[in-house]
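What follows is a pair of complexes built around chain A, which joins chain B in one and chain C in the other.
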Partner chain A sequence: MESILNIQDLNVHFRTTNGQIQAVRRLNLFIPKNKITGVVGESGSGKTQTFLSLFGLSQASQVSGKAEFNGVDLLSLSKSELNKIRGRDISFVFQDPMSALNPYMNVGAQILETILAHQSLSKPQAVHLAEELLLSVKMNDPRAVMKKYPHQLSGGQQQRIIVAMAIVNEPKLIIADEPTTALDVSIQAEILELIQDIHKSHSTSIVLITHDLGVVAQLCDYVTVMYAGQIVEQSITSQFFSNLKHPYSQALMASVPKFDMNQDDLFPIPGQPPVLDHEIKGCPFAPRCPHVMAVCTVKEPSMISVAPNIMAACHLYPQGAS
Partner chain B sequence: MTYAFKRLIGAVPLLLIIITLAFILMRSVPGGPFDQDRNVPPEIEANLKAAYHLDKPLYVQYLNYLGGVIRGDLGPSFKYHDYSVSQLIKKGAPVSLRIGGLAVLVALILGISLGAMAAIYKSRLFDNIVMGMTMLFLAMPSFVIAPALSLLFAVVLKWLPVGGWGDTPKQYFLPIISLAIPQIAYITRLVRGAMLEVLQSRYILFAKARGLKAARIIWVHAIRPTMLPVVSYLGPATASILSGSIVIEQIFSIPGIGRYFIQGGLNRDYTLVLGMVIFFGVLIILSNLLMDLIYSGLNPRVDYERRGGG
Partner chain C sequence: MKDIPLSAPTSASASVSLWQLSLRRFIKKPSVMISIVVLGLLVFIAFFGVTISAYHFDDVFWDAITIGPSFEKGHFFGTDNNGRDLFLRVLMGARISILIGIFASAVSVFIGVSYGAIAGYFGGRVDGIMMRIVDILYAMPFIFFVILLMVFMGKSIYLIFFALGAVEWLTIARIVRGQALTIKQKDYITAARSIGVPPFTIIRRHIIPNLLGPVIVYMTMTIPQTIILESFLSFLGLGVQEPMTSLGVLISDGSQQLTEAPWLLLFPAGTLCIIVICLNILGEGLRDALFDQHLK
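Here is the complex of A and B:
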């Protein structure tokens, strides 16, 4: 299978007043081309920082490793080279559309500048493209919409505009960072449908960062589970939910409330994710793991194939030669 | 327009209060306009007072004065004989307004660029130097800076004239810079703080994520919200530059209206002082109104017209 993004040994460090935080640790991740890959995990597991740091958008003090995107190593690029890729070959959809749009500019100007930063078009051509684009994300009366300021639009409309900006330069990869978390439930479905439509019509590769396993089941071809700045399980969605391999994935799934449960049946994961201000020995999930063994606190498990199309980093599965 | 009109109507009672307070204060100060004229016989002083209606009860004088103001007549000056207060203001105001206006302009241009650059190069050498300088200049009032600059550039280096007005454009430099420096320092800090906050916001991150050029991100996306606190500050800044110019005009012997304020106060030139108070009051009210209008122009979420219309 071809990759659109292949991350090897990514480390992302932050300097804080309390010392260094290792937000992403020796992360290896393969994002398949023309597919939707879900990235799930608790807050602070490094999901967002992994992708922001690759494209020079994080405040990290240090980013190291390799990340092959479309044939080039992103981490070897200069600032201006990265700036050319951003918005053109890769685009982002952020969590809260209200805060992602500049409140002091009308949305038309913001769409136009996104086009003109990467395509050599005349102003009228860009306006025409923007109007077509707004129609394609199901915004009626694009001419009127473009004159509006963000606060004059609903959350759903704002997110449609963000999505429109994300696809305007026909990127190879879209990173959607919790695109529906800030929206009403009824709007969430519309936006997810929109993302799915884009994927179908342009076969764009998409990374969908989310808390919501339901969204993963509905939309994603592949699932990646992150914990404490690392990947713990990577799986094809069709098998993921029926065949959870990593104890963290199992715990995550068990903690999702279901309709027919009462309060006593909630299963939160005991304990807290580790604070990443020091080197972690062994498996980061060991202190919370119901299956913890002696080896878990000593040796870090490596990602191995545990079933067809499923990889996991866990000592429950024979680590083989590695 | 309706909003601006409403604000102007609203300014009338404010102006009335200012005039009344100034009138009361001026009259409660001991002495009178003719005390310094030596050996005036009592009969002549009485005649003088009668000529200027100072022999009438205070409330009559007050009402007479208000009546004059409404008709646009600020009365005669007691000390500058042959001049009305309006004539004096007309003579001095253009000079003072030019100095004040240029000082505001210089403060804006330098304050905004220095502040923005300091924010962009945060915690680097440039930022540290600029922040140190602003601290220093904020602690120094205009009347300290002016003689210091004058000593350096006029007396020691002889690059610029010590004072005077109207002979050479070089005479503009020192008074304008002296007036502007504390404002530059304040606006720089204001812009730096606001810019730093704006640069942290999600929409700047999203602008970067869209591959926009750094210059566009700063001067199109970040500058507008950064300008909001600056515009809010310009009202008070105008007031402080105006009052600063009173001292500066004295130091550089500039024929503005500042000296009329001082001389008027010392001479108990009642009408002149009241005229100046009205002039400055109107100026500050107008500049505040202008700033509010600019503010609403900058911020699409503030719409005075609609809110005013209910």
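Here is the complex of A and C:
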């Protein structure tokens, strides 16, 4: 399988008043080409920072490792080289459409900015392209929409525009960072459908960062579970839900409320995710894990293949001779 | 719902920016409208009254030296001890003061906004160095600075623009830098960066428009402040020079003859008061219109 993005040994550190925070720790991740990969995990598990830092968008004090994107190592690029890649080969869809659009610029100007940053078109050509684009994300009357300001549009419409801006330069990879979290449930479905349509028609590789396991089940080809700045499980979606391997994935799944459940049957994961201001010995999930063993607090488990198409980092499964 | 396109909301007006919304709220206030009318009238008379008058503002009326306001003689505000018509001189003074106020504020806003936005957006070491320079300039006594400038560059009205602008921009730079620090955390800045927009374009197109609100409000406060500062400089003999005049010069001259010819102080001081009060009301109105988005 070909990769669009291959991350090796990624470390992302932040300097804060409480010392150094290791938001992402020795992370290895393989994002397959032309597929939708879901990245799930609790808040603060490093999902967003992993991707922001690769493209020079994070406020991190230190980013190290290797990340091969489309044949080049992203982390070795200069700022201006990265700037050329951003928006052209890769684009982002952010969580809150309300805050991802500049309130003082009309929508058209913001779309044109995206187009003209990477394509040498004349203004009328760019306007024409923008209008086509808005139609393709099912916005009616694009000419009128382009003259509007963000506060005149609904959340769903704003997110459509952001999605439109993300696909305008036909990027190879789209990173959608919780694209539906800030939206109504009914609009969520529309945006997810839109993302799926784009994936089908352009066969773009998509990384979908989300809290919502339902979204993963519906949309993603692959699932990656992150915990404490690391990958704990990576799996093909068709098998993921029926065959959860890592205790954290199991706990995550058990904590999802279901319709036919009593309130007493909710299973929150006990304890808190670790604070990443010091080196963690052993498995980061060990303090909360129901299957914790002696080895877990001593030795860090490595990612191994535990079943066909499933990798997990857990001592429950026989670790290779290392 | 697959193929039903969403239609845009059909609101009454096609496209309204936040600026337009603020402007609408702004001119709805009666106090604001009155200030605009008064100030507009004053500016109009100051700029055209002097020009269409048969007399020049420094013409001497030998038959009317130091007389009080009188309509029969045609000296509405009276004359000064050189026999010059005070009405024309007040108009001329108002013209100069307003010009200085506007230009010096414009210069300071231009420098302050660019400087502060760059410092705030880039942050880190750039910010540290740029803001320490501001601190050092802040610590310099204003009068000392102006005298220094005068010594090196000679007296001229342009120098006053420059000197006042050079002092006012420091505060604006600080305000703008603080604003830029918060704005750069916003998602739309990250979004613009993720698109590949170069840093200076981001500052110009995304940072600056979003921080102009407080700057505009502050600017309406700096215009009167600059006018008063100019008056102060002129009072010290460092500002506008005879026969050219400004409100500050007139007030300082008038204050020396307060007992024998009180009108020489009252009229220029009254004019200055009107200008400053109007500008302050406008500033207040702008602040309400820009920041209280729920106000109707």
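In this text, the second predicted complex is superposed on the first by the 322 of 322 C-alpha atoms of A that agree within 3 Å, B and C clash if a C-alpha of one lies under 4 Å from a C-alpha of the other, contacts with A are read in each partner's own complex, and residues count from 1 in each chain.
Quick note on the criterion: a contact is a pair of C-beta atoms (placed from the backbone, for glycine too) under 8 Å apart; a residue touches a chain by one contact, two chains touch by 3 or more.
Keep in mind that what you see is a predicted model, and the values were worked out from it rather than measured.
Chemist: With the two structures overlaid on chain A, would chain B and chain C clash, or do they fit side by side?
Modeler: On the superposed model, which is not a single observed complex, chain B and chain C clash.
Chemist: Classify the contacts of A:Phe55 with the two partner chains as first (chain B alone), second (chain C alone), both, or neither.
Modeler: After superposing on A, A:Phe55 lies in contact with both chain B and chain C.
Chemist: Let me test your reading of the model: by the given contact rule, A:Gln157 touches which partner, first (chain B), second (chain C), both or neither?
Modeler: In the superposition, A:Gln157 contacts chain C only.
Chemist: Compare chain B and chain C by how many residues of chain A each one touches, and report the one with more.
Modeler: Ranking chain B and chain C by residues of chain A touched puts C first.
Chemist: Touch test for A:His202: chain B only (first), chain C only (second), both, or neither?
Modeler: In the superposition, A:His202 contacts neither chain B nor chain C.
Chemist: Taking the superposition on A as described, I'd like to know which of chain B and chain C A:Ile85 touches: first, second, both or neither.
Modeler: Touch status of A:Ile85: both partners.
Chemist: If we overlay the two complexes on their shared chain A, which of chain B and chain C does A:Arg288 touch? Say first, second, both or neither.
Modeler: Neither: A:Arg288 stays clear of chain B and chain C.
Chemist: Identify the partner contact of A:Met139: answer first if only chain B is touched, second if only chain C is, both if each is, neither if none is.
Modeler: Once the two structures are laid over each other on A, A:Met139 reaches chain C alone.
Chemist: Once chain A of both complexes is superposed, is A:Glu193 in touch with chain B (first), chain C (second), both, or neither?
Modeler: second
Chemist: Return first, second, both or neither, reflecting whether A:Lys147 touches chain B, chain C, both chains, or no partner chain.
Modeler: second
Chemist: Can you list the residues of chain A that touch chain B in one structure and chain C in the other?
Modeler: 55-57, 83-88, 91-92, 94, 96, 99-106, 113-114, 117-118, 149, 151, 162, 165
Chemist: What does chain C use to touch chain A in their complex?
Modeler: Against chain A, the touching part of chain C is residues 1-2, 4-9, 11, 14-19, 186-188, 190-198, 205-206, 209-210.
Chemist: Taking the touch rule as given, give the residues of chain A at its contact with chain B in the complex, in rising order.
Modeler: It comes out as residues 55-57, 83-88, 91-92, 94, 96, 99-106, 113-114, 117-118, 149, 151, 162, 165.
Chemist: So in the complex, which bits of chain B are touching chain A?
Modeler: 201-203, 205-214, 216, 220-221, 224-225, 298-301
Chemist: Which residues of chain A touch chain C in the complex?
Modeler: 52, 55-57, 83-88, 90-92, 94-96, 99-106, 113-114, 117-118, 135, 138-141, 144-145, 147-149, 151-154, 156-157, 160, 162, 165, 190, 193
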